[in-house]
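Both of the next two complexes hold chain A, though its partner changes from chain B to chain C.
Let's turn to the complex of A and B:
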């Protein structure tokens, strides 16, 4: 029988099989073969694609190469969202491998942040962790950590070291039994049908009468259209790490076990496939 | 401190069983046919050889 610790491993070791193809308008000296990789769901595109960059640079002249960026079916992919979120939001219910187009020119400044080095990803990741801890513990845990502890979280993610990461991250997941959970749950709700990037508000894991809030309670307040309508028809899928937890799942448990390494629970609301 | 919602297997709630099952299905769907693909992040693996 599985236990809760196995969920942490399953989440960490989730992979998306991906096929990278060079954009056909790029100038190359010879034909560019596609490149296949298993991408960690919990990491960031620009952090794990050095091999892709090298592979395509081999067939290109240096003067034809600008900053690399990625596209899926016309949508530029935001490297600052976790890979699993990008996949669940844009490509779930499609055939694997995930087919991503690689670009080296015409960087879409309006859609994407530049990512000149890994230190930009590290800064983004650490600021998410700090924001999450401000919500969970008024920043008390992250502020009590030393610089080397912050580095341990980042290096754990960068080098795919589960034990190294969780030895430190477990401190960010603690709470007192009398509280029954975090102060607020760090979450983000993404919808493809909305212009705003995501919903993020204050929401407590425990209700005023002391009962545990569920995933359904959160959605009812933040995005009621995501819930099945009165006829019980499911118009949307509520996806976290590629799975659909039941709406009665306690939010505190989800936050502890299905959060990304940035300590946010990323929830994707996608239309139910019709076929 | 922490993990206050853990329960023994005999009492495993339906919502939790659902998560375990779906994670297994996810592995089958997303990984089992693609294990020959290269990993994006190399793990340095130390293989100890020799006689005891």
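Let's turn to the complex of A and C:
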């Protein structure tokens, strides 16, 4: 059971100050001012940028507007990753506000998923929750929920209602004391240096001898290059929600407290800044 | 209720067997390795001729209630029902398809027929312990098909059933190994519809290639036919029953 409620709140209310600027090549009728927003780390870009879209539509002709998409320093941003993951992965250790470029044409459909409506985000979000529960409880918890319970999880995220979301989400975080944790930990490890989008495999929170697996144990098995080398030199930062948790932290605790609302623990491995 | 999933090692064995048979049958499957890892996937490309009627855009939101308990087994049976050309009119002509099998075919299809390049990938989902079918489709000019266009190329018999399912069954997703958008048939029901097949096979002491059997169920939905010969190759000595 999750009991460190302050941690859950801090994670939920994490914000990233962001400046949206219109792509220079867009055709406008007058100059487009940049638009500033505090983005919730746990939400999705396309879910919280209606105001950005409206703001730029005002200076554009309807026929010049196609599906909106976002770019950061040449990288198209995948809306289906949580906002905090996109920031940690691509923009950690840079100056705030986070500067995102907004596009309304040339949608890069070899790189990005289309997002025609919020129902697509909802389907993606619920699909992640289902997958996480398949790992944690063989889908038993999510299948025992009713349709309105699923809706409560989604509405909680969509409307930024912490209590509404957690009243239901705590069920997804339960496990029996004799098990000592979930069946498997739903996690994804992201690295910008790899062509592969992320690593996702099976990993148990408790080892065969009964001790709790730590974040370090997970990385040792999945991505050993992320750990400091023998000389103790730290080449990579291991970042979750913008912080570097101790490698000794039990994975089960991280899964319960630092998972995103989609119930996955998203871990970013980024090169240690050299300056 | 026994678990009828698949572990990763068995998945690889099933794939190897399928590859051997594909080679004998010249069916075009290959194994693609992901650079810098021990993981990979089965891949096949094929040309399809599809008639898409643009006047009939499918309303993804509007269809939701038929029967949610409908299993994919039933869908498989529907597939064997012959569709006469008269019936095709009832579908408002929005589906017509033939697989291009040799160079001599590609001419007659009337109206707005399209030759499409399909790319099918079979990956292992460790979360659901089952294989998952990913695919993408391009026109010959290289434009990728939208989700609506993909739905309109799915046979109407499948479509009604599939769109009534909770996750709409065919969705655009990120390919977990390539990071590119692919269509995916959602795996959350796979174990459920494979269970009776596997139990029956076990009961009759027949060998089953999980991946092959599963593919013969889900493949036809998106135009991927699995020749019956795979099955006769698999058990040449089986009695005809």
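As a working rule, the second predicted complex is superposed on the first by the 272 of 275 C-alpha atoms of A that agree within 3 Å, B and C clash if a C-alpha of one lies under 4 Å from a C-alpha of the other, contacts with A are read in each partner's own complex, and residues count from 1 in each chain.
Throughout what follows, a contact is a pair of C-beta atoms (placed from the backbone, for glycine too) under 8 Å apart; a residue touches a chain by one contact, two chains touch by 3 or more.
If you're wondering where the values come from, they're calculated on a predicted model, not measured in any experiment.
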{"item": "First, second, both or neither for A:123, with chain B first and chain C second", "value": "second"}
{"item": "Contacts of A:109 with chain B and chain C, given as first, second, both or neither", "value": "second"}
{"item": "Touched chain A residues, chain B compared with chain C", "value": "B"}
{"item": "Residues on chain A lying within both footprints (that of chain B and that of chain C)", "value": "none"}
{"item": "In the complex, chain A residues that touch chain B", "value": "1-4, 6-7, 10-11, 14-17, 36-40, 43, 48-49, 51, 96-97, 158-160, 170, 173-177, 180-181, 212, 241-246, 248-250, 252-253, 256, 258"}
{"item": "Chain A partner contacts - residues on chain C that touch it in the complex", "value": "34-37, 61, 126-128, 144, 146-147, 167-168, 171-181, 186, 188"}
{"item": "Contact set on chain B toward chain A in their complex", "value": "1-6, 9, 12, 14-16, 18-20, 22-23, 25-27, 29-31, 33-34, 37-41, 43"}
{"item": "In the complex with chain C, residue positions of chain A that touch it", "value": "78, 80, 109-114, 119, 123-124, 126-127, 130-132, 134-135, 139, 186, 194-198, 200-202"}
